[in-house]
């Protein structure tokens, strides 16, 4: 077998960085050989620098790797970024300027007109934006982003329905605490409680979704015309964002058409057989009380979005429930799938 | 001081019955002198019959009261009903036929055209239906109902906004486990989980709200023309139903007008100074992450509905969050306030 | 490869029965071909009869299997029993009388003098009791049991320390809700709460442990002389029983000796390479705040017991913490490992 | 009515400081007129400086009070201290040196030989240490401390049993998240989890308890001879520390004697009728599954310790369960009761 591609992880000691470490463990194509983090961690072994908080243990291969500064110098060409948005803008830009391909989970470049906001099943053609990036930013490298965790869940559930003419989407999310990183949400704030506010989240859903579902015209994305309104809440769930969705179409399809669209949804990752691609990107659950985080979040290795409770909406056309794994399909798994698509399409050298 | 009115509690050993016991403890007007329950409890002391599950202890005055059969015979004229809907229809009807005034929390008679579905701050004029009851049902007694727990929270938040012409309401609720009684929700179903389904709840919200906000025309209620669409979820919260609401009006009011309508909302209970009436039926919280069950549910002794996060909705006119105590304002407290209004308006003999 | 042995599951629709279904999925030696349950389920497909409550979905191979009556007639020779103790005594006896080998998780026969209470790493020689069973009970079949879920965790942690002369053990457990079956613990009882009582649990720990650690003398077990005192609590954790243990020895070993005993612990399942045997039955975690259910319960596929925080006890010799998966190592996995040992030792025909 | 004594609160913006604000609201003897905190809060209004996290709202009287530096200058003579232990040693010493009476909840001076570690029902005679303080420390003021939150619960349950000759105490605690302050425990660490470690907590229980139960000899405390061994865990409970206790006596009393000792326990606060004193410092609950945080923590306004499940211990004499409110009886309420005792005994000028 061919040697694996060496990759780095920016923000390696944070929660998303840790998820990258797991997501890339035993990956058939990629191998982590470099870890970058803030000065506090620089020079330490990874197992001393990272406050490991995940249920699966730290990969042995990474334990003794020495964490380096988050600077381009010695990093491999491909780097995954789990950086906090407070520093991601500057550092990811520096890596792109130094010729790296940055597969980022941070929000900083998501809405940049020449940066793809990619969900490989939905908008693989947006990769064409990469060709315009060099010119627009004057850097030899590239930046590729995945959406915000709750946006992924919603977008996956909406994408198969584009064919019916998406017009209006009202959504309320019930989001897991792991979406806020570590230490993140204080237990006193969320134990047996609901917090009906997540900073900036509703705006992200309302804008990112339109770009994701948008059309590539030349070297730009025409945002989808759908209008969205989101309310977001934090609930005492470890993993899994639930979205309660109402949707209005240009023309109301039959329930069978909607179900068929959801169930038959598939895309480039499935065609390529990408390592992280779930066999079914969307599973429809017929039980009346599903999907539920405790029962459904691990479906497809956390890469499948579960949908249920399709029924008529007295105000719009249909309402239904969607659930996805916020740190897998909504973060580290999303970025790895993006990198896999790049490679499968010959864009990783 | 005048002697208190003797009252009974139907379904006294269940969760709602227990809440009645607390809600009526040291009540200035009413005194529980009779407890009725199913055959299993008949003849037992209350403290032996009721599996007490509330944080405040059982009132001493009730401990040794002997539970009787749920039959009209020896019960006082006024009875509160916390009966399960599987038996409430038959038993409450029997009590009304025997001349009792039944203040019910059960759903069975809520949508009966001659039974008021009362929230005293909102539709006190609906009490006029009582006069038509005798004729329609041919019984000397009366039945008066309060709405479903999540409907109360929503209706309270909407009532002050009627003046702007309510057109469309989209709501997603996050409901506490105490709303399902005891044993109710299994812990394996809800610990660190969300269940996006509550049997019959969405229908209740969509229909009861229209009756509550409806107009009395002669001896009938014209349902309000607003169209509602509800999605309901169960979350791991002990007490307090949260509602994420989007609302469209005939004419869009200014945010100041909406805030003013909410804050100045008041009604007959406040005018009468009813014992269970909160000084402010609605409190608007300006903090960006409120209301929260853990912090706000006990406001006004559990009788105040908290509202927050008023902001424009990209699809409708406004979105906001409402929270209310499901077993107080949404159940036992609601029924007691109904009884107090009856008395204050001279309808309790 | 040889054909798999056909096995049945008694109490197939209950929580333990469902766990058997998962634990035996794709098992290299056993294949479920028969499901027995109560009359309510008889004649139904398994996917209609069982209220599936586990995170991994029901095995496809079992979905359409028709549930039969819990009677010996058509069942295969080997049956796993997840029956409730209210019926297990009678039914398991009937199966043994009809010549079946019953691998039971129920408590009814655990303390029977001729029934092994088996943990394969600890007391495989107790299988010799099986030879005395026919005579004592006059049945051609056999019954083999595994301990109560919290007892397994404790016994596993104590077994390696027998060499130092176990004298006294004080233990407080913090037990997961899945140990109580489904619906089991009501959410109102356990959400953000602790219940310091589990019916019968302390007695089971105090007696079963002595039998498990006991010595086979001829055809009887001499209970171990250790004296135990247990306090048991229920906590809002899904899976994983935690035990806080203090232990006094005949002679105080050094900490190194204790650690070495724990880490090097191994037994017949590891020697045989049984399919369900974890490579390490016990893992010692050096971090000061481990083991934790959320991080450690899945270790070794749920068959490894995690130990941590070994330190001197001011009253006894040492105190430490142990954690094990209550439905895997403490129930279905325990029974399957028992069956595997039977087979490996030539006791399954 | 006499004017109230003016008091200050050190560390006013922290969690314990906020609890002092509530505990002293409408207090008949004391009135907060001064708030001291770190530089970050200096000069701000209290409602802007304090990130309020309690279920009861901030007292209106304090909202506009300006927070000052934590320096003696303008503070009233009596100050309550909710300072973090990282700064409490230095600041509380400075206040005592400047002539203030410091009623502290911090741990820094608890084990100082001339500082009382007071629980007014248990060791009011330890106040005599105050007379030795001036000489030992050379300061005109005084420092008075209350114990660590879990120690209070245990000590209260043990104090009535001193008469039987306490010899050995084994205890495992299940402690609420509010004991760790705010933000304190990360939700990812504790949601549906148990953490079997609290830094320094076991040592505090094992040493503070001996001082609290100790004898005053001249101007020093002879620690009680009881030997304690503690294991401490954090559980997902908001308020209320549960302690699972086994105790050995010089001579084993009858169960009736133990129950009688617990139930009749009373002390100087009850004799004086102190405002914060519960009528019954200890309540024994006969139900087999009590006490529970969700049902019992608010007993006596949070100042009563609930005990239950008294039964023989196979290793020691008895085992039982105790529960107390960690932020009331275990922190702010404890300090206020200490101050009330000072005043009632004429030690507040």
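General observations
Going by the order they are written in, the chains are A, B, C and D; count residues from 1 in each one.
Everything below uses one rule, namely that a contact is a pair of C-beta atoms (placed from the backbone, for glycine too) under 8 Å apart; a residue touches a chain by one contact, two chains touch by 3 or more.
None of the values given here were measured: they were computed from a predicted structure.
Compared with subunit D, the chain whose C-alpha mean position is the greatest distance off is A. When the C-beta pairs in contact are tallied for B-D and for A-D, the bigger tally goes to A-D. If you average the Cα atoms of subunit A and of subunit B, the two centres end up 42 Å apart.
Rounded to a whole number, the gap between the C-alpha centres of subunit B and subunit D is 40 angstrom. Rounded to a whole number, the gap between the C-alpha centres of subunit A and subunit D is 47 angstrom. Counting partner chains per residue, subunit C has residues 53, 189, 191-192, 236-238, 294-295 touching two or more of them.
Those residues of subunit C that touch subunit A in the shared complex are 53-55, 191-192, 238, 294-295, 298. Against subunit B, the residues of subunit C that register as touching in their complex are 53, 177-178, 182-192, 236-238. Residues of subunit C that touch subunit D in their complex: 168, 170, 172, 174, 189, 191-197, 206, 227-229, 231, 233, 235-238, 240, 242, 244, 246, 288-295, 308-309, 313-316, 319, 321.
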